[in-house]
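Same chain, two partners: chain A is paired with chain B first, then with chain C.
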Partner chain A sequence: MKITVPHCGQMDIFINALCRRIGPEFIIPPKTSPRTLDLGIKYSPESTCLPFKFILGNFIEALEKGADTICMISDHGPCRVGMYDIVMQNILTEMGYRFNWITMDNNQILRSHLLIFVREQRKRGVSPLDALRALLFSWKKMKVCEEMERLTHKTRPYEVNRGETTRVYGECLRLIDGVANLRELKIAREDALSRLASIEQDRTRHPLKMLITGEGYMVINPHANQDIERRLGEMGVEVTRTMWFTSQIAHATRLDHFKKRSKSKAIRASKRYLPHNIGGECNASIGYAILYAREGYDGVIQLLPFGCILESVAKNILRTVSRDYDIPILTFSLTENLSETTITTRLSAFVDLIQRKIKGKGK
Partner chain B sequence: MSLRIGIPRALLYYRYFPLWNTFFRELGGQVVVSRPSTRRVLEEGFKYADDDVCIPIKMIFGHVLSIKDKVDYLFVPRFLSDSKRGYCCPMLAGLPEMIKYSVPELPPMLSPFVDERYRGTRLSKALSKVGRKLKVGPLRIRRAYAKARGQHDQFQRLMRDGGSIPVLINAFEANGCFPEKPMAEKREDESLKIGVVGHPYSLHDSLFNFDLFRRLKEAKASIYTQERVHLRIIDYHLQGLKKDIYWTLGREILGAAFHLLDSKVVDGLIYVTCFSCGIDSMIEPLVGFRAKGTASPYMALMIDEHTGIGGLVTRLEAFLDTVRRRKFNTDDGHRKSWA
Partner chain C sequence: MSTNLAVINEEGNVLCHRYLLTHGQPIRAIQEGLREILSLIPNGMEIHGVGTTGSARQLAGVMVGADVVKNEITAHAVGAIHFFPDARTILEIGGQDSKIIIIRDGLVVDFAMNTVCAAGTGSFLDQQALRLNIPIDQFGQYALRSKSPARIAGRCTVFAESDMVHKQQVGCNLEDIIAGLCEALVRNYLNNVAKGKEILEPIIFQGGVAANEGIRSAFERELGKRIHISKFFNVMGAIGATFLAQEKMDGGGETHFKGFEVINLHCKTRSFECKECENVCEIVAFSIGDEITAYWGDRCGNWENRL
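So, the complex of A and B:
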């Protein structure tokens, strides 16, 4: 059994850590590249959303690499993601691939997947305790990765040599990825933090604070949003984003109840504008914009794949939020044809606008 | 009470109008329905609606704009789910807000929250909340709803029997009751049977689909829409899927399309879809794969703001030609050449 999963943020590190400890063999698809997207566009129905195309591209490349089992999350909500598995299975079968498909949705986890998991473990002689330990270790690794990423968001606007943070961050990720146990992880973390801290910084700058919110896949994946965090950072903006791998899992397992900026808090905050939770990230996008506007952020960027049925509701409502809270909100409706220049131009215009707005207030 | 309650002629109007109309009339209100869609209504909608949404949503913006000054209340319900296990398109759940925050100078809106999955938010409860808001006594609300439900059931029965929805609804709007004989007389010369599936608001809005039904009739085809397929048949045909289709409308479309393709009730199938419809973008490929499997003629008509009538007519004619050629040359030699 060679399992593959789509790329989603730094999930490959999580999966690597897990399968090195307890197996089974994972085949991580090659890094998402223009070829991935081209493959995805070629074989997917034209009006599906952008994440579908990326994920299908990932799967095709993974199958080319020799994977034989595909693992994909699913849902029973109103969002399209719940239908991905059945449409993708049809497409890949049509293309002539042979594979097993594991759908992970909340209805089936207990019924079948846990059983398969346990059986597979027994075959390889992994005890449940080992499995739990490995899971915790991978989780911690993921947490460290995200801690570092948060730190880069804070460092990047201050860096003197443009691009240094990104380079150091890449090194740190490799460092973390190579770690094999908890003790080493601790040392690697210290090392990585000190490396990030030693980046030459100009602390006299006053960076803007901006929030990136919107549809999950678009927010998490730099390849999908054209590296918007790095671009903003290099324009001298401190970004925060609402969506993290661990925070999503924590929300799904209801572990984030007492966090200050949890998703459930955001959903509650959105009630004034959208009185019912209509599913997906729609309510959270609105809620986060409100929460961060109250905290004094300077701007909000909403990312959505073109035609996203949930986020376009949020997009409509965010216009009013922007007026009520006096916070500029920029919406990117991303398609596969969006060029780099469009992104940079619109971003720099937006940053310019906010700076001018702040200056006007100062007077 | 003689309040004027405005119902835009778009979206779920094509499914629930008899129910809503009877309900509000029984409460003593006056129902104002917007005029049938025209190009101008749609263009007004474009101005106010967001550019990311699909055309039916833009259409309802236009309809709201055209009646907002003539009514005391605007009825735009918020449908999260309209069956026990299904969802509606999430845009319908956010629709009242989209309209509220985009269209200026609106009359007060009646937007009951409907979620059929739970007892407290069923359509009956949601509508009785509306009744209470209009200051009508509970007994009267109850009676009104019972009568409205009766009309709705009759409407559904007539649809199953093959009544055309625009005809039924128009007659209902004019007279307050359904016509005695809703079925069109079967004409002798109708030689083709064409199945047409799609969301009701894209099928029955004749502006939206460029009078597709009339064109099919003129080409001597009889039409089967998904409304004629019984829910049990739909359930039966979806058993083979590993997945429960969670959009109520999507589920009906898919099941009906499978039925029409598998049982060879029709000679060809047309799927009417609109650009950037999230549900269709997932359901349509599944129908397409099944059509490929059963080797029946199948066409997906995607309609957007720029669709020209010429292109549509050409495609339709070509499609009908294919269907005709397949149907009337059924000797083995031709079959082989097609397969």
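So, the complex of A and C:
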């Protein structure tokens, strides 16, 4: 079995760590590139949303690389991700590929998948204890990766040489991806921390604080959101985002109950505006904007794939949130043909807007 | 679409301004514009600061040595607020994009720009004027003469054009079709770009399309409010950039302006794909004479930091 998953944030590091320990063989799709998107666009229904096109492209490239089993999440409710697995299977079969398909259903993560997982491992002769250890190790690795990424968000607005943080962060990820056990992970973490700390910084700056919220795939993937975190960072903005691999899993397995900024808290915060949880990231998008506005953030950027109905609902409600909490909110509807200029123009205008607002208040 | 230049003095009065069509050659247009401006400014006047804006702000910036390189949304707002300090809404329709800027108490609080479609911007009007063989500056007057505008769908310019052709074949007269087009574009703007925004008076309309009285009167009818048009409606972005440069230079420091010599220098851009990583960025190299003076377009900063 050669298993593959779509690119989603740094998830490949997690799966890679897991599979290297206890198998099966994992095929990482080639890094999402313009070619990936071109393939996705070519074989997708025209009006489907952007994540579909990226993910389909990932699968095609992974199959080309020799994968034979595809693992894909699914969801209930109005979000179109619920139809992804069926439609993608049809498209790939029609293209002539042969493969096994595993649908990961959000609601059954503990009930069925863990059981399947355990049963599969036992067949290969991996004891449940080994499996658990491997899972914990991969989880820790992922935590370290996310810790590094959070640090880059804090460092980038201060960097003196544009691009240095991004370059160092890339090195750190490779370092962490390479380690094989907890002891090495600890050393790699220290090393990565000192590398990030040695980036030349100008601490006299006063970065704005912004939250990136919206549809999960667009928020977590730089290739889908035109690298918005880096762009904002280089404009002197400290960003944070709503969507992280570990927080998402923690929410699905209900392990994030006591976290300060958990998704459940965000959903609860949105109750005043949208009493019913309508699914997808809609309620969380609204709720996170409220949570961070209360924390004193300067602005919120909402990302949605063009045509996403849930986020379009959120977009209209966020307008009221923006008024109630006096926080500027900018919405980006992303499609495959959005040019770089439109992104940078709007981002820099948004940054200007907030800076002038703060300056005006100071007077 | 157009290249605009403006010069202001210390008091913020506009001394002279130029509006040129770019004709797809921004470097030549900038040189031509500077040449014309040079002949207009009073003798012995010194330039204390330069700002650039618009979609070629980076190119123009390295070419003339700008002190401020700003996006056009901020520049338009700053320009408009200077002439109409109590403005609360700016409608801006230019050659290739349209935007709305919401202002409260002299501060930009919200803005929107056309996203997935550029239907209804100046280029389309130009195209239609050409097709109907009417000079673009008379387009508006035709619309105003109409008694009953034809109903035209403005959501997509391709469909709008087929609607127009259809109406002309069934016998609607030209004035009604043009007036119908103006109304369709205004409806499209209000439903897309300005959707959900609170349009409060005073409303300022600027950008090249503000010259079109048909569009202006369609806005007034649709909104039921008065629309103001500044004397400098088509160069407001450039004027805004001058104010931004002034603001910056008032904070002290020497200007980076390279002087008017750039008019006669041989400037050139070259673009190529960087193959160093899988991002495959399109890098632009700008050179004056044989010397490369700037790179941009790289995500990693390796090219930009090279000089």
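What we mean here is this: the second predicted complex is superposed on the first by the 346 of 363 C-alpha atoms of A that agree within 3 Å, B and C clash if a C-alpha of one lies under 4 Å from a C-alpha of the other, contacts with A are read in each partner's own complex, and residues count from 1 in each chain.
Criterion: a contact is a pair of C-beta atoms (placed from the backbone, for glycine too) under 8 Å apart; a residue touches a chain by one contact, two chains touch by 3 or more.
None of the values given here were measured: they were computed from a predicted structure.
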- After superposition on the shared chain, which partner residues are touched by A:90: those of chain B (first), chain C (second), both, or neither? first
- Query: Looking at the overlay, does A:275 come into contact with chain B only (first), chain C only (second), both, or neither?
  - Reply: first
- Message: Looking at A:82 after the superposition, I want to know if it touches chain B, chain C, both of them or none. Which is it: first, second, both, neither?
- Response: first
- Task: Please indicate which partner A:316 is in contact with in the superposed arrangement: first for chain B, second for chain C, both, or neither.
- Result: both
- Please work out whether A:227 is in contact with chain B alone, chain C alone, both, or neither, and reply first, second, both or neither. second
- Item | Which superposed partner A:342 touches (first chain B, second chain C, both, neither) | second
- Message: Contact-wise, after the overlay, does A:333 reach chain B, chain C, both or neither (first, second, both, neither)?
- Response: both
- Message: Tell me the contact category for A:118 with respect to chain B and chain C: first, second, both or neither.
- Response: neither
- Thinking of the overlay built on chain A, is A:306 touched by chain B (first), by chain C (second), by both, or by neither? both
- Task: Between chain B and chain C, pick out the one touching the greater number of residues of chain A.
- Result: B
- So which positions on chain A get touched by both chain B and chain C? 306, 316, 319, 333
- Item | Of chain A, residues touching chain C in the complex | 31, 33-34, 161-164, 166-167, 227, 230, 306, 316, 319, 322, 328, 333, 335, 337-338, 341-342, 344-346, 348-350, 352-353, 356-357, 360
- Write out the stretch or stretches of chain C touching chain A in their complex. 55, 70-74, 105-111, 113, 115-116, 196, 278, 280, 298-302, 304-305
- Item | Interface residues, chain A side, partner chain B - complex | 45, 47-49, 74, 76-80, 82-87, 90-91, 94, 103, 273-276, 278-280, 282, 304, 306-310, 312-317, 319-320, 333
- Enumerate the contact residues on chain B facing chain A in the complex. 50-54, 78, 80, 87-91, 93-94, 97-98, 101-102, 113, 115, 241-247, 275-286, 288-289, 302
